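Here chain A shows up in two complexes: once beside chain B, once beside chain C.
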Partner chain A sequence: MMAGRHFPSGASVPRLRNLPVGAFAAPVLLLGAWQLACLTGLFPQQVLVPPSGVAKALADMAGSGELQRHVGDSLHRLLVGFAIGAVSGMIFGAALALSRLLDAALSPLFLTLWQVPVIAFVPLMVMFLGIDEPFKIAVVAIAAFFPMALATFDGIRGVPRNWFDVAKIYRLRLHQLVRRILLPATVPAVLTGLRISLTRAWVVLVAAELLAADSGIGQMMEMGRQLFQIDVVLAGVVVSGLIGFLLDRGARWVESRATRWRAA
Partner chain B sequence: MKHQLTRWPVRLGIGLIVPLFLFLWWQWQGSAHPSAFAPPAAVASALAELLRNGGLLRDTLATLERAFTGLAIGAPLGVAAGIAMGIWKPVDRLLGPLLHALRQVPMIGWLPLIGLWFGVGEGTELIVVSMSAFFPSMLNSHAGVAQVERRYLEVGGIYRFSTFQRIRFILLPAAMPLVMTGLTQALAFAWISTIGTELLTGAGAGLGVAMQAAQVQQRLDIMLVVISVTAILGFIINQLFRSLRQSLLRWQPAQS
Partner chain C sequence: MVGNTEPFIVAYQNSVSFLSQARAWLAAAMALLGCALLTACGGSGEAAGGGEVKTVTIASIAYPYQGKQVYNGVNGVVIEQGWLKEQLAKKGVDLVFTPVSTAVGGPLINEGFSGKRIDFASYGDFPAVIAVAGGVPLKIVAPVGQGQDVYIVVRKGLAARSIADLKGKRIALHRGRPWELPFSKLVDSSGLKLSDFKIVNINPSATPAALQSGSVDAAVLLSDGLLVEQKGIGRVIWSTKQASADWKMRAELFGRADFVDAHPDLTQLVVEAFVRAAAWASDEANKAEVIRRAARGALPEDIVAKDYAESGIAWRERFSPIFGPAVREHYRSVADYALERGLIRKKVDTGALLDERFVDKALKDLKLEQFWAREGGARK
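Presenting the complex of A and B:
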């Protein structure tokens, strides 16, 4: 990581330059090849549906309102769970970074739990919470909590010690310290943490919906699989990929906007 | 107070307070409602039982085998693809869009589709685990090759290196740190997706399968044993790989 930091990545420069043509040519070619492979009978309909079939499935589901319901339910869970997990993670990380006592008391437990893949908590949580909304929101919250707590902790610990000394000289109160020094200094780390939490939360949510749900993108795919509806499954793959992509891009955009002052 | 807290016995003592408290609470809850809340003693006896009947060993070995087979398939392919894409622009143009499009989908989200194609079983699980190992290896290897310092390549140009020499003596060593980062991530991803696919497909043996079975049978004691084993194994694997990485990259400056 370190070695490359001072040198512009050689690969991304030319790609950016011919963005208008290159960016559209490749996906169009890809879709064309996919369509062609299906039309020529290389893959039978039961194995791979052409893009037009996936588009038709999407249009049908959008027409009946089914697609909106699944996407809406998934996004709702993601939003609520992420808000809970990210905010509590931020508070937890900040508390541990600011208080050595809390750090000593809680970080061993935290680091132990961090070793467990979030997905391994899924059956345990199903036992306690059932398979309804609270379970899915809790899974998302846990997935968002850990990276957020770590990022906030690292962000605050990365603030130079003498900034705290200055705060002490000025006799800043805690809320002033947070607002004037900690918030601006930790924005980049926290935003990166938010992005990682968001994309992790999405991945875990799709997995949780595959396992147990009555609606949502994951459940849509799982039902499609059980009913042998390749087009529905593929539509689910496309939609979940698109949502994941947009979440990541959106978070990156916010990140670059909010940290623009650092580049100068 | 501050000076006290930097001493490790004090830190360890404070660090044990909360877990100890949780443990006592668990014991108390467990003895109050033994059916819903397995007390520590029940978990210990579940562990003993699983060790005696060999179930835990079988599941652990199955999961390890699955994760490492997936890693052995996905990671070399990923490194090869990443390096090829970093060296030859046409390969990047050809494969890049497809791979980046596929990458956007959560790996476990491929499970229904691949399950439809290959049936729910060992093959499907291995494909998903291999894919989870493939992408971080590819991305990091690609970045590693793309970030090689220009002047190294210029020196190679002066010495009239052949393509093979350029790859062997400049690109590979320079990309190595990021390739190793990719492999570390691939290992973690393969491990997590192994547990995830086992949970979802429930086929054969494995820690995820055991978790799923414990959930269906409402056996909290078994569940806690399996989760602990998962956590400990994940930790050990990561540590081993980290030390392997350090010994392989010992020529690197210490800070990176």
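Presenting the complex of A and C:
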């Protein structure tokens, strides 16, 4: 009963530890080129900010607590929005997978909306939700909803039909069916969905903060741009990339643990 | 310092193979780096080659109107007169006007200046000071007016009568734009702090909708604030007309310092074109036409007329290119204030910012030395 066979994407385990040294060559080279370009003095330091300048901006902002405030605001939005989006996505995906009727009625609309970039909904959302927290949480929730619903749908649909027949023979009740068959069989797919929707929600949140916000990592970058502080912009690039990376790594770790538990 | 950053950034860049968004960010960073490198080389090549200039690029705020870009103020007249294009063509140089929407404004122009993609821009005081403080040397080669008024508008249904009533309220203010400074001065002079308000950083084009939907309680705007009032979306509770004359935001024709120094002949032509255009616009006979143009695409004519009429500036002086003492004083105050408030991080030498020689020569050549009032301020 190896789930990995049915859900190849769910079986992917962290690969970083297997990375050859060569994988570090490109970033190191880029960093070197960056620093070198700065050393030529062709451009003022404020325009082509050296890596050390970005580090200093980060240290300054961390020292004043500004960085923590922005990161904290962003992560709070991510957490709340993701919880709402992921749970409702899971329920929606499960409902679609279990009911042929709902599937027929809602799938085309769902698949159409899924193709629309979340950012395209921003003007509408601002009109209905304003530009405060509800708007940003809604952006995150929508971004998380779609991949989550899709993953859950695929996960449940991937459960072989004859397992349901077995359940019928054993006269399992619905909650037993969910707990003993559906849940274990779909865990890898759902976890993959969680990971994808988490990182996707993060990207969309940062983008939404660039457009309209009074705080958050995206807003920090936008302010940096408006006040021509390129070091702050690049610091934001580093921080949001790093947070996205860590979110992904964390989710992968959970995924691999859960898959191991399943296999055992 | 570099040693500390390396693992940090290496870790970040490593995420590329795992995360699509990290890839996007990296691409953006690389594009930035690439652009900077390219333009650095391009820029130095131009300087070393003694100035093989193919085009002169002027950026200006413009509005889309009937499928075309309509340029703000004197810029539009320069284009219409066609004199500059002719003169530059005689030297084998192309003239390019780059439109910049008011939604992005100064920050985009600053990026253009720093990448040496534009040579001149007529834009606001504060973004230009931000650029200079950010390591992009600029020069004011010609003033293009006597300042614009800034308005504070509150949304319909809000009872606020003064800035003090707005304490704790949400105020739309596009950061780093010229109207931030008069607002900041008002906040200071009322004994308040910026943190007493919830500042929402949205651009002026998005602001009327935000006011209408109640997403913000008030907004800081230019003359579009009058339009908001006329449409019944809001009510003006304060404007720089109630403050001393130097609170108005100013806009000038700024030149990239290295371009101006390397090509004084081309700069002279550009400045002369702006002085010619200003002289045309300052003629009372062309007043109706100037207002019609200013209104085109952006605001109704009566709004522009109202804004002009109540500004306390005589028509003749409205587009004056004269470097009065008020100009110097204004930039000193803008630079000091921005530094004091932590909006810029380096002191700006305002003495080096003003470059009066081109206007002086143009006035002499055009025999316009007596056309505009000489003393600063040039108030009615």
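Basically, the second predicted complex is superposed on the first by the 219 of 264 C-alpha atoms of A that agree within 3 Å, B and C clash if a C-alpha of one lies under 4 Å from a C-alpha of the other, contacts with A are read in each partner's own complex, and residues count from 1 in each chain.
Everything that follows uses one rule, which is that a residue touches a chain if its C-beta (ideal position, glycine included) is under 8 Å from a C-beta of that chain, and two chains touch if they have at least 3 such contacts.
Since we're looking at a predicted model, the values are computed, not measured.
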| item | value |
| --- | --- |
| Chain B versus chain C as contact partner of A:54, first or second or both or neither | second |
| Partner chain in contact with A:117 - chain B first, chain C second, else both or neither | first |
| Partner chain in contact with A:162 - chain B first, chain C second, else both or neither | neither |
| Which of chain B and chain C A:202 touches, first, second, both or neither | both |
| Chain B versus chain C as contact partner of A:44, first or second or both or neither | second |
| Chain B versus chain C as contact partner of A:214, first or second or both or neither | second |
| Partner chain(s) touched by A:104 [first = chain B, second = chain C, both, neither] | first |
| Overlap of the chain B and chain C footprints on chain A, listed as residue numbers | 26-27, 30, 47, 126-127, 202-203, 222, 225, 228, 230, 234, 237, 240-242, 244-245, 248 |
| Interfacial residue positions of chain B with respect to chain A in the complex | 1-2, 5, 10-11, 14-19, 22, 86, 89, 92-93, 96-98, 101-102, 104-113, 115-117, 142-143, 146-150, 174, 177-178, 181, 191-192, 195-196, 199-200, 208, 211-212, 214-215, 218, 220, 223-224, 227, 230-232, 234-235, 255-256 |
| Residue ranges of chain A in contact with chain B within the complex | 1-4, 7, 9-12, 14, 22, 26-27, 29-30, 47, 100-101, 104-109, 112-113, 115-117, 119-124, 126-127, 202-203, 206-207, 210-211, 217-218, 221-222, 224-225, 228, 230, 233-234, 236-237, 240-242, 244-245, 248 |
| Residue ranges of chain A touching chain C (in the complex, touch as defined) | 16, 19, 23-24, 26-28, 30-31, 33-35, 37, 40, 42-48, 50-52, 54-56, 126-127, 130-132, 199-200, 202-203, 212-214, 219, 222-223, 225-230, 234, 237-238, 240-242, 244-245, 248-249 |
| Contact set on chain C toward chain A in their complex | 1-2, 4-6, 8-22, 24-26, 28-30, 32-33, 36-37, 40-41, 43-44, 106-107, 110, 114, 127, 130-131, 133-136, 174-177, 198-202, 206, 209-210, 213-216, 343-345 |
